[in-house]
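Quick one: the structure is below, questions incoming.
So that you can tell them apart, the chains are marked A, B, C and D in the order they are listed, and the count of residues begins at 1 in each.
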Amino acid sequence: MGLTLHHFLILSAILFSIGLVGALTRRHIIIMLICLEIMLNAANLNLIAFWHFSSNPLLMHGPLFTLFAIAIAATEAALGLALVLAIFRHYKTIDLESIRDLKE
Amino acid sequence: MNNYFDLKLVELGRWIEAFFAHYPTLKLVVHLLLCTLPLALSFMGAFAFTTWLERKGLARIQNRPGPNRVGLFGLLQPIADGIKMLLKEDIVPERSDKLFHFLAPIMLMIPAMIGVGFLPLGDGLHALPLDSAIIFFFAISSLNTIAVFMAGWSSRNKYSLLGGMRAVAQMISYEIPLVLSAVAVIMMAGSLNAQEVVASQQISSWVGSGNILQEFFGRILGWNVFKPWGFAGFIFFFIAALAEANRSPFDLPEADSEIIAGHLTEYSGFKYAILFMGEYISAFAIAGIGVTLFLGGWNGPVFAGLPWFVLKLFSLFAVMIWIRGTLPRLRVDQLMGYAWKFLFPLAILNIFLAGFYHFLERQWGTAIAMLAGWLFGFGALQLAAIALSRLNQSPTIRSKRVYQLVE
Amino acid sequence: MSLIGKGILKGMGVTAKNFFQSYYRKERLPTVEYPEEKATINQFSRNFPFLLYDGDDPVDGMRCTACTLCERACPPQCIYIIKDKDENGKAILSPRIFDIDTSVCMSCQLCVEVCPYEAIRMDSAFELSNENRFEGLLLNREELLKPNAYYHEIHPLEARETDDRMAAKAALAEAKKKARQKRARLAAKNKPPPGLKKTPPTRKKPPQREKSE
Amino acid sequence: MIVAFYLLALIAVLGAGLAITLRNVVHAVFSVLLFFSALAGLFLLLLAEFIAAVQVLVYIGSVGILMLFAIMLTTNVVGDPNRPVQSRGWVWGGLAVVALLAGVLLPIISRTGGQSPTPLSDFNPSVKQLGLVLMDPYFASLGVIALLLTAGLIGAVVAATGASEADQAKTVPENRPRFPNN
């Protein structure tokens, strides 16, 4: 029994769910960013798996799309963490439940 | 035949594998062992030899004889050191993060060893012949940062943490000029494959022509250092590699006069030895990729192959030792400023220079391209460097210095 | 136009010169490889103090009078002196115990400066490593006593000066003694009232050393 | 092949699971790095060599370090031990996700054709092909991505440097946590 698309799809579904659970349940802001990254990575795995089992993988659409996704994820991480620093400087905490007000 | 030595080695490997021809699984295991074990052992041996070389070289630079007690010329000194390290007590700080304190040396060793695997040591002597070996090498070598941070953070010592953070900041900053100077080579070779990069550094019409003279020069003159963009790129690469390998004058993470030993402060005994070895082997790996990218890899006039690679690797390391014996340590702000305000723009400019050279070569041939490249391209780089250094000087230096205590 | 990195290249040149010349020029490699060959000790070098004696017998010729000036002068207090007594319990002018803890001594030479009898001097021996870390470096009287000839051997100039000084002092003392005897004889002749000139000869002694310095 | 897959999948799930449960934030980041590296291994398994390299370079080498830096620059690592790790109502969030997984994702996946048209290692995609595709038909998107990255970088610098002198003076760190646990 070889590897099939199903293996990768189920794995990436599980990973995505783990990321989503984390994003919904944790209160630490950096952990939430990590969870976002986990979800993005699960999606990337999906893309690559679909590409690998597609009828014409030599078109390289999967890696191409993943590359762009990774680039965007990197930007998102950089911006997100910069915002974390800004939030911390302003509120002196990064516990999401203590940050209630948008103004001051 | 020029690559005689390498071919014999490859043949030896095949011969050993042939014994296990009937057991495919065992054959795979033997194949993997043949790919990795000699590499690991030889680089550990090279590490031991290099510690001797470094101590000896630094001693001579400082007018001392250096280690000369254990064995002939002190050649067995590394073994004595190893035994001493093994017998030492392994101290783990009480409140440290025990698991990560234990994992950090291993985490430093693994990427260093994998990185070595990406180097094309000779014709066919290539442990991990991936198609994108060079980018993989840079990816793997960026893992060093994590290990250093791990070591610094888990020790729960402020000096360790400071050293770890310094190392991380430094390695991230210098990775950019490192990769950018490699990009020029990759661009010109048109491949990320390390073997193809090496092959692009010989004059292909001369090599294998049968003419001894052409054979001789065809394997030398094609090296990237002899091209204007390659020469500049090599200098940038080398400076960035020194920083990446935490070698002097960029050894701020281990600056013993400031922060004891940085992330190594809380390590002792064999863990310290492994951390040390990991650092040296990653320095080897970076020097090796420098040889591959700029110094023609395993190309050499006669007996091209492994001996030439080893020779170049050690001469590059000797220059590192020489620099360590000469230059004083930088300050933290100077270090970061140098990476971002000086090396980074110049490395980007160098990519344009490479493109310019390529265009000229395609249009008018190599000779004109060389001439124009050295004259204009290199001049442009020099001018840019001078302009950048003027711009980066602090105003107090640019104006005439006033010394208060000296009349 | 200044070349970028010229200073670095210059520095590299200096170190390269150091490196290569250390192989064929003696002055580039001044290291003395210790156990095989020993460095010639400068005659003004000093390490830890030792006690001097004159003549052949260490105990009889001992110059030290157990005045404990050095013990009191010693900043790290590494000198330990107990005065000797004869069988009647009367103190005699020599130490019974004279210890110097060289693991504490800081080689300041204050004991030498303070000694009025030129009895303590600085040694230049340096191979003092020892297997016993508690008593090995605690030198007692017998280990500390060394003949004057040894002093002449290690610090010839200083020893000659000391000897001259001691000879001058002895001559002075002799002359005074003679003068006193002469005076005594004269006094015996003239018979002055007793108890007038009693103190001067004994009081004169300590300032004399200061003069000689 | 299949053994490698299960091993990597196990590491990935373990890493992700630890990342969302550990209290110590640095440990969580390191476990998510484990997850990233397992994913890089999976990409290699799927013959996406370049993507694996980029995964290691970007996620482990940069994003992970960025997270560690952010942690070092903000609060203490373990957090307030009196406060729970999870947010309020976390049970409902978890249940909703499990329901989503069991009710939506898995049925959809089971309906897709699981058969692979090309068996593994039948084709050998090279980085060169990816480069050619990137340079010819998708050059515009590459440019856009480059622009986005630059904008993101500048934005991150601005956001992180942020606070002006007046703002800094206003928020004097009087009750700043004393970093009792590193």
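Points to keep in mind about this one:
To be clear about the criterion, a residue touches a chain if its C-beta (ideal position, glycine included) is under 8 Å from a C-beta of that chain, and two chains touch if they have at least 3 such contacts.
What you are looking at is a predicted structure, and each value in this text was computed from that prediction instead of being measured.
The minimum number of touch steps linking chain A to chain C comes to 3. Chain centres here are means of the Cα atoms, and by that rule the chain farthest away from chain D is C.
For the pairs B-C and A-D, the larger set of C-beta contacts lies at A-D. Taking the mean of the C-alpha atoms as each chain's centre, chain B and chain C sit 58 Å apart. Work out the mean CA point of chain A and of chain D, and you get 5 Å between them. Centre to centre, using the average C-alpha position, chain B and chain D are separated by 29 Å. Note on chain placement: the centre of chain A and the centre of chain B lie 33 Å apart, centres being C-alpha means. Residue positions of chain B in touch with at least two other chains are not found. If touching chains are joined by edges, the resulting network of the protein chains shown is an open path. Pairs of chains meeting the touch criterion: A-D, B-C, B-D. The touching residues of chain A, when paired with chain D in their complex, are 1-11, 13-22, 24-28, 30-31, 33-35, 37-38, 41, 44-45, 48-49, 51-55, 57-64, 66-68, 70-79, 81-86, 88-90, 92-97. Taken together, the chain D residues at the contact with chain B in this complex read 26, 30, 33, 49-50, 52-54, 56-57, 60-62, 64-65, 68-69, 72, 126-128, 182. On chain B, the positions that touch chain C within their shared complex are 57, 60-65, 68, 322-323, 325-327, 382, 385-386, 389.
Contacts from chain D toward chain A in the complex involve residues 1-2, 5, 9, 12-13, 16-17, 19-20, 25, 28-29, 32, 35-36, 39, 42-43, 45-48, 50-51, 54-55, 58-59, 62-63, 66-67, 69-71, 73-75, 79-80, 83-88, 90, 93-94, 96-98, 100-101, 105-106, 109-110, 112-120, 123, 125, 129-130, 133-134, 138, 141, 145, 148-149, 152-153, 155-160, 162-163, 171, 173, 175-177. Those residues of chain C whose C-beta lies close enough to touch chain B in the complex are 1-4, 8, 11-12, 14-16, 18-19, 22-23, 28-31, 33.
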